[in-house]
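Note that chain A is present in both complexes that follow, paired respectively with chain B and with chain C.
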Partner chain A sequence: MSDTNAKITEEIRAKARELLSSGEIAAFLGFTSGSLPMTTRPFVAKRPGDADKLIWNSFCVMNLANYLPALLESLEPPRGPKDPPPAGPLPKVGVVATGCCSRNIVVQMQERQVDRSRLVILGVSSRGMVDRKKVMAAAEGREPLKVEEGGHTLKVSGRDYELEIDRWSAVRDNCLTCAHNNPVISDYLIGPVSNRDVKDRFAQIEAIEAMPANARWKWFTDEIASCIRCYACRNACPLCYCPTCFVDDSRPQWVGKSTEPADTALFHILRAFHCAGRCTDCGACESACPMGIKMRLFTRKLSKDAFNLFGAEAGLDPQAQPPLATYRPDDPEEFLIVEEKK
Partner chain B sequence: MEDKNLQSGTNLAASPTANWEPRIVAFLCNWCSYAGADLAGVSRFQYPPNIRIIRVPCSGRVSANMILDALKAGADGVLVSGCHPGDCHYISGNLHARRRFGLLKNFLEFLGIEPGRINFSWVSASEGEQFSEVVKKVTGRVKALGPTRRLVKEIRID
Partner chain C sequence: MNILRLDINGLLDCLSSWAGGQELYGPVKDGWRRISRDGLEAVVSIPPGAPKAPIKTFFLAQPETLFTFSARHGDDDAWIPTPPKEAPNRRVLFGVRPCDARSIALNSMPYRDDPYYQARMDKTAVVGLSCNETCSTCFCKSVGGSPYGTEGLDILLTKADGGFIAEVLTSKGEGLLEKGTGTPAGDGDMARLKALRDAAQAGTSDTQALSASFKAKNLMQLYNARLWQGLSEPCLNCGACTFLCPTCYCFDIQDEVVRQAGRRIRYWDSCMFPLFTLHASGHNPRGEKIKRVRNRFMHKLKYFTERFGALSCVGCGRCIRECPVNIDIREVIRDLLSVE
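Up next is the complex of A and B:
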């Protein structure tokens, strides 16, 4: 583990222990190590002693905001559907948040899914999380048994090989084009502040836009061809909190249950469209995908359009309205068919 | 009529024959475009019989789900039409819808769906002639594209 990560881990543990033992928070949401190399799990610490299980490294790819609404609700005293909300302050939750995770918390605040006064946010600047699949590809099919993080390198070792790769070459695609590494809201800041800057944040999308329509259709169908419709991307997404998802609707059944190409295409189109103007490009969907589908490019295109057409960027201002919940009289409408009065 | 089968899971995609005629699903808002279509009929403005009208309370009621469901069921084209900005019966339904439709249209084109498949327009209750022009234009576009293939759910009975 690199020095920075060790230091951040120590600080997160100390803060979580302090907040839990003082009784300020009832639970702390962070990461703990997973069972395989290069994996981490979301972890809820409820006792000060649990704080030692928290960790911080370059493999914290899941978005913790995803677990917040349910965790907050689970801490409320039980009540019936018609009972009034309990009087007095409700238990608080501490959470570790990088740039994208904090932006997702802001989106949840805009959409009234979480109450800011019940959160204690430990902001951590993201150095860019590492894509497991990229490291696996660099190991050329050999199983990595141990991955050690240096300052700018990753030491991968397996049964009969050892490999040192440049950390930045294995960083996730969304982190490579991230413009908000630093948390937008936090109560405490932990670790060094990042001053990384990106120029072409939408370069990946522009490359696809430049292709002819048939090539784009081929790219889209090839990309989703391997989809097994496990909905891991939806489940990992902090934007997806509808009690009944459109994929589970049966009357009308918007999306069939099969892996028939049209059903899969519709699932991916609608899933991405539901994230339009709300997606913070945290990359949790791609990291969760067992088939390596780059579905982030779909949501990224919508983020690009929301930014260019409506000047909206998700999760920066808790007071702002989500772009699709509002309008301006002069919104672009060149795409409309207009017939002049004769 | 086949139209009532325009529902999930029913494949109506036509085969490209010489006398192929496109089937276009038109979502018209109750207050403006539906009345505009009515006026076109009363005023005897001719327009191609390729559209199948679905009356909706407001263009803001039309979600991406409905548009894609029509395409999935084999509609060769989709037209969504509502009140002009400022005329919405519900004040801002069409303005909210405009943002959604702009994003959806761009997004579907990004994924390689032909640009003419989904169409949007504003037609007021007094624009019978404009309605017939819009339908002519949309039908022309969809005819030029030919039968839909992408996003259509094929039901194969082997």
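Up next is the complex of A and C:
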């Protein structure tokens, strides 16, 4: 483990232990190690002793905000659907949050999904999380049996090979273009603050926009061709909390259920639009996808539009209205097609 | 059973004749692709382990059209089901790992009387490739299989001494080979095959031990075990594990009508989805995540085992590799076995 990760891990454990011991929080949400190299598991510590299982490394790719609403609810005293909320303060949850995760918490606050007063946020600046698929690609099909993280390198080894790669070369696409790697809200800051700067944050999108329409359509259909409709992308996303998703509805059936190309395409287009102006580009969707589909580019395009048209960036200010839930008289409307009256 | 020795050219000749005479499919990168005569090289060197896409796609079509109907009120045959016109084509699946082949045999137990599954089985010949090399996530041996297992296969090929030893296991397998293919295997080949099988099995005394242990366990004790809470906490309730799993076979049914042409389709469903058990009344007997996670493992390890005699898991390791939050069935098995 790199020194920075070891230090952050120690600090997270100490703080979680302290908060759990003092009774300030009822549960602490972080990551623990997985059974394979480059995997981690979201983990809920409930006793001070559990804190020693918490870890921090470059493979903490899931977005913990995704678990918060259900976790908070599970700690409330049980009550019927029509009963009023109990009087007095409810149990709190501690959570580790990077830049994007903290922004998703802000979105959840704006959308009334979480109550800030019940959260104790341990902010960690992200150095850019590593994409295990990129590491696998670098290993050229040979199974990685051990991956050691150094300061700026990853040492990958398997049955009959050893390989050292530059950490940055395997960082996730969303992290490469992230402009908010420091937490935007937190109660405690853990580890060093990042001063990383990006200039071409929408370059990936501009390259796709520059394609002629039919090439762009081909890119899109090829990208989603292997989708198995497992919905890991949707379920990993903290923005998706509707009790019944449009894809699951059967009366009316908005979207066909199989993996025929038109159905899959419709699912992806609609999912992306539901995230417009709300997506923080955390990349959890892409990290969760078993098929390696880059569906994050679809939401990224909409982030670019929200930014360019409305100057809006998701999850920066808890007081702000989400761009698609508000209206300003000077909103640009160049997308409206107006026919002149003769 | 007939055992032959084939060299690489002999194998390429077979592949070429299958690619010409019927549909030939093989694992290319992560998926199963149709192989044409000029793409044969792609399938003769396959990386160790089971490919990401499961073999069940060939038997549980996604979607399967059960029947079609006209939704035009004036039509004479309006709303009357018509059997699907297209029958499945004859095809050969090549390069199937023994775990995946076993999944075909296991799934055909619950689908014994299902005409759609059986029609696809009839039309399909399965040519396996044994695993001289395994992955760290492979555990076929612990769940009743073997890297050299033959269950569910028509022919099993084993790489040995620069060529292949072909075990022709069924009459369908016989039918795949033209007269004069290969040479009869010699005593050396037989000894080699036995040595490879024995070596793979070394250390695993009884491959049926796990199903016996699960059969002996008390159902309610497993059901009420404390471990489900912690285990289910990170789960996203997605379909990655069940959709990639070769032995998960659950489905849902929908009617789709496009421009008054209707069809009833059967498509994959997953017990991890809340909708799976949602009743028309609005009640959901598996309304919470913990119950859904429990069902997936209880079905694989306990319910199926009691009903059909084997675990509904062939140890391919796909769910372990692809779960976004690394829920590892090997750990679940270990923990459940220690439940008192």
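Note that the second predicted complex is superposed on the first by the 338 of 342 C-alpha atoms of A that agree within 3 Å, B and C clash if a C-alpha of one lies under 4 Å from a C-alpha of the other, contacts with A are read in each partner's own complex, and residues count from 1 in each chain.
To be clear about the criterion, contacts are C-beta pairs under 8 Å (C-beta built on N, C-alpha and C of every residue); 3 or more make two chains touch, one makes a residue touch a chain.
Note that the structure is predicted; figures quoted are calculated from it, not measured.
Of the two partner chains placed by superposition, only chain C is touched by A:Val44; chain B is not. Of the two partner chains, chain B is the only one that A:Ile337 touches; chain C does not reach it. Of the two partner chains placed by the overlay, neither chain B nor chain C lies in contact with A:Arg79. By the touch criterion defined above, A:Phe246 reaches chain B but does not reach chain C. In the superposed pair of complexes, A:Leu36 makes contact with chain C only, with no contact to chain B. By the document's definition of touching, of the two partners only chain B reaches A:Ala272; chain C does not.
Of the two partner chains placed around the shared chain by superposition, chain C is the only one that A:Thr259 touches, whereas chain B remains out of contact.
In the superposition on chain A, A:Pro329 contacts chain B only, with no contact to chain C. The wider contact with chain A, measured as residues touched, comes from B rather than the other of chain B and chain C.
In the superposition on chain A, A:Lys218 makes contact with chain B only, not with chain C. Residues 253, 256, 260 of chain A lie at the contact with chain B in one complex and at the contact with chain C in the other. Against chain C, the residues of chain A that register as touching in their complex are 34-36, 39-44, 62, 66-67, 70, 141, 143, 145, 226, 228-232, 234-236, 248, 250, 253, 256-260, 287-292. Residues 7-9, 64-65, 68-69, 72, 85-86, 92, 95-96, 98-115, 119-123, 127, 129-130, 133-134, 137-138, 150-154 of chain B touch chain A in their complex.
Within the complex formed with chain B, the residues of chain A that make contact are 205, 208-209, 213-220, 246, 252-254, 256, 260, 262-263, 265-266, 269-270, 272-273, 276-277, 298, 301-302, 305-306, 309-310, 323-327, 329, 331-333, 335-342. Contacts from chain C toward chain A in the complex involve residues 30-31, 47-49, 52-53, 62-63, 135-137, 230, 233-234, 236-240, 243-244, 252, 254, 256, 265, 267-268, 270, 273-275, 289, 320-322, 324-328, 330-331.
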